[in-house]
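Going by the order they are written in, the chains are A, B and C; count residues from 1 in each one.
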Amino acid sequence: MWLWFNKLTTSKVFYQFAGRLLPWLGALTIILLAYGLYGGLVLAPPDYQQGDAFRIIYVHVPCALLSMMIYVFMAVAAAVGLIFRIKLADMLVTASAPLGASFTLLALVTGSLWGKPMWGAWWVWDARLTSELILLFLYLGVIALRSAIPDREQAAKACAILLIVGVINIPIIHYSVYWWNTLHQGATLKLFGSSLIAPSMLHPLLAMIAAFIFYFAVVLLLRTRCEILKRERKSRWVLELKN
Amino acid sequence: MDLYRLFITTLRLEALLIYRHYSQVLNPLLFYAMTISLFPLGLSPQPQLLHAVAPGVLWIVALLSILLSLHPLFEGDFADGTLEQLLLSPQPLSIIILAKLLAHWLLSVFPLILLALLFAPLLHLPLAAMGTLFASLLLGTPVLLLIGAIGKALTLGIRNSSLLVMLLVLPFYIPVLILGAGSVALAGTGLAVTGELAWLGAMLVLALPLAPLAIAAALRVGIN
Amino acid sequence: MLDISQLSFERNDKPIFAGINFTLNTGEVLQVVGPNGAGKTTLLRVLCGLLTPSAGEIRWQGQGIHEHWYDYVDGMIYCSHQPALKQGLTVLENLRLYRGVLRGRFGDIRSINKAMQRVGLAGYENTLVQSLSAGQKRRVILAILLLAKTQLWLLDEPLTALDQAGVKLTETLIAEFVAKGGMVIFTSHQPIDIKSNTVFLGVLN
């Protein structure tokens, strides 16, 4: 197992492995996306309170979920890379950061689009949205630090430390923002009530979440393959690939 | 006992160094005084309005001043090469870092707390909230300093890094700000704030052992 | 004994040096020479453990230095090409900094006085380092070397800014140190005159 893991983390093996995995992941993404979109936008009935406006959850919820998942993924990858000195881990982190930031931005935009008909304003200092905004700042911090350090290994280690500090702090930030929200009697309207959600609405949502996760995996692998080629452009196997 | 002596020696020498370059300490204090004065000028001198924004303003400006005061931290050690000696020292780095930060807190952050108390009545903060302001700053500012030092250590050697430090560190300052300013605002309305202060204390207890580890790791990375 | 095998270092995939092997025994001196930009300083920084090698091993008394870090840093002192002194502290306060903070073992106040005399800085104890000349700052470092009870000195360009007497003093101190079983690795462009047949030349290019 350990041996297999070690082998997989060498650039060449990972490049080939990712190449073989990609078509399958791509197909899964498309199927899930098609079902999710059709189920969510056509089959699911309109919400009895929010009407058709609720349908934005089919984009908003997967984005919000991924924005948090990717940060945790990056922190775990960075920690593994830092402890076991695996270069691949840093490539995964580098490739993930802009993706995570984009999902966070999408979650914010879709959240505010949904907020307009619900709250009557594009932006409300709701606990969820505020947390997303802070998460976006955390992503931008990682990207800024990464681009400010010219030495690649140093940048990787510095980002890893920042990500680990960040992942410890995220729950603290999250709970403090919720406390702040109750203190100031903020918006109480929620995208999800605590009530049960009908299966005809839920299944497309789950499909969309899965589709977004696979989409992330596809783009991550593509970007990592690209990064591997860039970093190993002088090695024999890459040159052979070119011919 | 040995660790205690190490701590005291570092603290004394670091305090001596800060004391001999006191202008570096004075600037964030001046910044605090001036920026606080901008709020009545920019908003309105109406007591009710100032009264409402005072807890937030006093805390936010304190937070910004601490960010500004981070600049000399480790910078001198990095420039003159003693940081390398620190990293090659057979002594525990965390203790040395804690002593340095304590010196910094005593000489440049504590005066800031006193200044905040001085400016609080000018913003019509109710007297009932003064004790909470003092206590929340006393518990919150060390956390800000510890987190800020991580950011500073991560960006060591990068040119014009002060803005980058702010970008890295500000999101982590949010919980402290929320609890600090929130507790002062609550105290102003006469409510009990022991819970909020306890949370600030918990953050300090969490940051005190963990932050030096992150700072030490960041310093090792920064020397390259 | 310091044992180096297949030591390589690269920065952003650019090799700085590669495949360096040598063994330094007690009582031996190694002078690293090479043109500017050959990587002498980087080599010293890798040897002292500030930088991690991309490949190869550094063993101190038979143990890898990164695995047995505290044993290594306790037995070694590294002096960068710029004297690592606090400008805002006096000479004596700097020595205290090294004694109390940077090094665990160090001489007492009597040996500090003796060392100050030896390097010709008696009377400068309470002078701020910023008002010393570049050569005098070097001499403070020499005093620190005398006081730090280590077995290995890693010196980066120890002769710069020193006058003739200073160079002579450095040579004498190195000779005395290795005669007592110490080990020295230093970089310099100048040939060094040590009456000892254990001086080796390592060429880096």
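Quick note on the criterion: a contact is a pair of C-beta atoms (placed from the backbone, for glycine too) under 8 Å apart; a residue touches a chain by one contact, two chains touch by 3 or more.
These figures come from a predicted structure and were not determined experimentally.
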{"item": "From subunit A, the most remote chain by mean C-alpha position", "value": "C"}
{"item": "Most centrally placed chain - per-chain CA mean versus overall CA mean", "value": "B"}
{"item": "Chain centre separation (subunit A, subunit C; CA means) in Å", "value": "49"}
{"item": "For subunit B paired with subunit C, centre-to-centre distance based on mean C-alpha positions, whole Å", "value": "37"}
{"item": "Distance between the centres, which are taken as Cα means, of subunit B and subunit A, whole angstrom", "value": "32"}
{"item": "Contacts with 2+ other chains: residues of subunit B", "value": "224"}
{"item": "For subunit A, residues that touch 2 or more chains besides their own", "value": "151"}
{"item": "Overlap residues in subunit C, where contacts from two or more other chains coincide", "value": "none"}
{"item": "Residues on subunit A engaged by subunit C in the complex (per definition of touch)", "value": "150-153, 231, 234"}
{"item": "Interface residues, subunit C side, partner subunit B - complex", "value": "48-51, 70, 73-74, 76-78, 80, 82-89, 93, 96-98, 100-104"}
{"item": "Parts of subunit A lying in touch with subunit B, wherever the complex brings them together", "value": "134, 137-138, 140-141, 144-145, 148-149, 151, 154, 157-158, 161-162, 164-166, 168-169, 172-173, 175-177, 179-180, 183"}
{"item": "Residues of subunit B touching subunit A in the complex", "value": "147, 150, 154-155, 158, 161, 164, 167-168, 170-172, 174-175, 178-179, 182, 185-186, 203, 210, 214, 217-218, 221-222, 224"}
{"item": "Contact footprint of subunit A on subunit C as seen in their complex", "value": "11-13"}
